[in-house]
Amino acid sequence: MTDINWNNSPDITEDLIKEHGLSDDEHKLMLKILGRTPTLTELGIFSVMWSEHCSYKSSKLHLKTLPTKAPWVIHGPGENAGVIDIGDGQAAIFKMESHNHPSYIEPYQGAATGVGGILRDVFTMGARPVANMNALRFGSTDHHKTRHLLSGVVEGIGGYGNCVGVPTVGGETNFHPSYDGNILVNAMTVGLADQDKIFLSAAAGVGNPVIYVGSKTGRDGIHGATMASAEFTEDSEEKRPTVQVGDPFTEKLLIEACLELMSTDMVVAIQDMGAAGLTSSSVEMASGGGVGFSLNLDMVPQREEGMTPYEMMLSESQERMLVVLKPDRVKEAEALFHKWDLDFAVIGEITADGNLTLTWQGNVVADIPTQPLADNSPEYDRPWVKTEAPAVIDAADMAAPNDLGETLLKMVGSANLSSRAWIWQQYDNQVMADTIQMPGGDAAVVRVHGTDKALAISTDCTPRYCYADPFEGGKQAVAETWRNITAVGANPMAITDCLNFGNPERPDIMGQFVGAIEGIREACTVLDYPVISGNVSLYNETNGTGIHPTPAIGGVGLMQDSSKMIKIAPKENGDVILLVGQSNGHIGCTQYLSIIEGREEGAPPPVDLELEKKNGDFVRKHILDGNISACHDISDGGLFVSLAEMAMASGKGMNIALNNGDIPAHAYGFGEDQARYVLSVSAADADVIISDAAETDVKIENIGVVGGEALDIEDLLTISVKELLDAHASWMPNYMSTES
Amino acid sequence: MKSAVVTFPASNCDRDMYVALEKITGQTPHKIWHQDSDIPNVDLIALPGGFSFGDYLRCGAMAARSPAIKAIAEHAKRGGYVIGVCNGFQVLTEMGLLPGALMRNASLKFVCKTVQLKVENSDSSFTNRYNTGQVVDIPVAHHDGNYFADDQTLAKLEDNGQVAFRYVDEKGEATPSSNPNGSQNNIAGIMNERGNILGMMPHPERFIENAQGGQDGRGFFESIINSLN
Amino acid sequence: MKARVHITLKNGVLDPQGKAIQHALDALGFSGVDDVRQGKYIELDLAETDKAAAKANVEEMCKKLLSNMVIENYAIDID
Amino acid sequence: MKARVHITLKNGVLDPQGKAIQHALDALGFSGVDDVRQGKYIELDLAETDKAAAKANVEEMCKKLLSNMVIENYAIDID
């Protein structure tokens, strides 16, 4: 064994090990792997590699049960991002990731660096990022921090995404008191690559050089463990902020430089430095390729003076990448990075022994076998209890509102259903000039540059459903993305997930997690819609109160002919409005119940996945046949809200007559039964669609026509489109311009 | 029309401009890297949108000091056409080729949306395919598009017909609420006195086909082609 | 009464702007610039005439709005 | 040697940031703020050891890059 001789290394005491979050078993395992006491740097490396964040120790067992395969899946979970085949030798590459905690501490930088991180996960695989999405959850609108957090997060996402020149094309935004102390900032990036130019992180080739490129390393983001290292740093005059600051300018250079590098044949392997920076990138590259890494830390570009090996290995400085090059190409690659004004340093080489060997100032400061470190990362089967299914609420037991029109107005002007234009106008959603469906519709659509193809993207989750029934909620989140993608005419291909939950050490929370995974599994299986990447964020909890379980799903669909895409706005007066799907007036867990009755209870709407598939496939077929001119799925707020949204998008009114039988009108209008769509079609096409529906046993009803200045629902309500628009558009700007 | 698009390190609408020029002119544009001091002989040089150097310090400031800038200025001096869109407009003011400056939006927020522009005068090389007073839809996407010039400069711009586009409402009125960034006199785009240099905040290159939401941007490029014939 | 506030990044916090300025100066041929840090400078005209009261007031403003205490420091001069 | 540069907007130049700060302070209940102007503060670490030379050099930097003479003024302190 190599001589470990870092004379500065302190005693590795029990306390120090505790501070690094290692359990007794993990401690023992570490000693067994090393065959000796670790150095401080080694302890730090074990600690981060085995942290929940890097090791997925609480979730792994369950994540393994998700369906990840399909003929069109090129790389599923396990790589930096998932990859699907979109034909013509091209691939779409995508992933969603959380940056929750940093965004609560410092909303601008937390959200900005979240965007930066997910972009790197995608371009590190050789993809040019073409679209960003953001799924945001904030606390109650009454909470004193909500405005500050919302404005900072949105500015940070825009500040970063706008500068790197990737359009932010959609997302979702909820407010709920369960996020008061733990907001969620989930960012998703979609990229495009040629299938023969996809890069992986597994290193190979003993003697090949290991290159560090990008920004210099500072002491950013060295978390809880900082105390342990504080005594070894020169200056302690002020407590170091653990916040990382993003530099989108450098990220843009990094994207261009890396893509240029990857267009040559110089690269053996490449990996971004994400969480746990140099540590996780080097361990993953080495263990993934079954080789060792020998790194000379003196060669690491450093922003600050006197950095210790511990700090360098744990730093989370942004905008950095690790690359293994072919040996004779270093000069060429260096010139390329210098053209883009980026740091480039050979910091080590690939070795045969499988160890991560770090030297610093002439001494070996760490020497860890990477395979055991990666393979033996802890895996827990945490105890869990199933969430008890809540009782179904009957709308007939509930008083009807006096004025349905006023009720609808109140709903479209509420915190959770009002327009998000205040948000998306701060995002450049058109840069790259291929966005053909901008925020405001069901799914965002971007063209595959230079082809007829397009990708449709949607992020969805209904946390109140997941809280009431994690299984149904998990199913619903997947189904809603599938439905949104279908509604624009695209074929849903695969999803990424971002699983945000509370403390997994609590059996009830773990039960939520397990339930949601089961639901996602079932939905993905039935819909033939595999999970190809994802991220888990646990411990979203303050003072024992966890967030609502929030398994955010990001779905991607493909269109062969982007000219067939449709939007939610009806086109012509006189067009017929069709309602697809079964309306049962399901009122439990609805927006209506929450906004109008102030109650959050009952069972969420059940998701019949076979029905989803049948109805969705039917709608998509008719979109592609050119029979449908506008389509909107029914989700939050039910049928009336969907109709209102379509009217607002077109500026045209509608004359609707309902056939609600013995279901109370408010339940029929605001119930959130799943697997439903509203279509706007020409009169001639309506006949074609209705007769096809009869043949294929799809429930469809003609409920009215487009026209006039108002949304008029016979015997129930009449509201001018203008009034709807005013209520819908004004909530967020008003909210943000008043002080808390 | 022979054209060239300049790329600074963090330009991000260079491809969009390139694609628009290629589609509309039918000719492959040249690419100019900000470090190039030799530039091709073309009719039009386009400075695209983006963040050139991260928009640090001041938008366009560092770009306006790049090696390629000298040659671009010479091209302009010879009477060659130069357009600057968004960040490109900021670069042109920083270079001193256009008067005034672009300040932080009055809302202090980035703004991305489609706005209405009034074509102030269809006599120019950049607007002759539009009608005077025509209202067109073009998207904006910027953080610093709040045009400022001192009163004298402003008066001169107005008197000489150097204001090319103004933010207006659907009726063509330059109202405060139709102004997305607080620009003086609702100015969206201006020309130099000689009429061969134009800077504008809105992005005509993003609106050249209906799939993008509209194609009112085409007229801008077609005007330049037209004025060469 | 005038208050001048300097808002600077805490030590160790990355300063992308400063870095870019340094780089640009270098490219323009200015050598010997070892480091650049960019901060904000805010001048406030105050109705207050008591120096101590003004200072206390501006201190509050810094904490509540002008500076981001997570990554920035502030310094106040009154005259 | 350290140079401190203050870059401020010229009189008569609109200052959207200053105005927004003033507005926000007002909304937060800070009264008696008559005007706010926001500028930039740049610190440079210079290799130069001669004060006059350093000042001349930084003056050049201001003219060439750090300030936009159309809208901004600069002031340099060396120490």
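A few remarks follow.
Note that the chains take the letters A, B, C and D in the order they are written out, and that residue 1 is the start of every chain.
Methods note: a contact is a pair of C-beta atoms (placed from the backbone, for glycine too) under 8 Å apart; a residue touches a chain by one contact, two chains touch by 3 or more.
The structure presented is a predicted model; accordingly, all values stated were derived computationally and were not measured.
A count of contacting C-beta pairs for B-C and for B-D identifies B-D as the more extensively joined pair.
Distance between subunit A and subunit D, defined via averaged C-alpha coordinates, is recorded as 40 Å. Computed centre separation for the pair subunit B/subunit C is 33 angstrom, with centres defined by C-alpha atoms.
One inter-chain figure worth recording: subunit C and subunit D are separated by 10 Å, centre to centre, where each centre is the mean of the chain's CA atoms.
Between subunit B and subunit D the centroid-to-centroid distance comes to 29 Å (mean Cα coordinates, whole Å).
Shared contact sites, meaning residues of subunit A that touch two or more other chains, fall at 247, 249-250, 341.
Under the contact definition stated at the top, the residues of subunit C that touch 2 or more other chains are 16, 20-21, 24, 28, 38.
Counting partner chains per residue, subunit B has residues 53-54, 56-57, 62, 65 touching two or more of them.
Inter-chain contacts occur between A-B, A-C, B-C, B-D, C-D. Per the touch definition, subunit C reaches subunit A in the complex via residues 10-16, 19-20, 23, 68, 70-71.
Residue ranges on subunit A touching subunit C, taken from their complex, read 105-106, 108-109, 215, 218-220, 235, 237-238, 240-241, 243-247, 249-250, 303-304, 317-318, 341. By the touch rule above, subunit A contacts subunit B in their complex via residues 155, 158-159, 162-165, 247-250, 252-253, 256, 340-341, 424-433, 435-436, 438, 447, 562-563.
Listed in rising order, the residues of subunit D touching subunit C in the complex are 6-8, 18, 21, 24-25, 28, 30-48, 57, 60-61, 64-66.
By the touch criterion given at the top, residues 53-54, 56-57, 62, 65 of subunit B touch subunit C in their complex.
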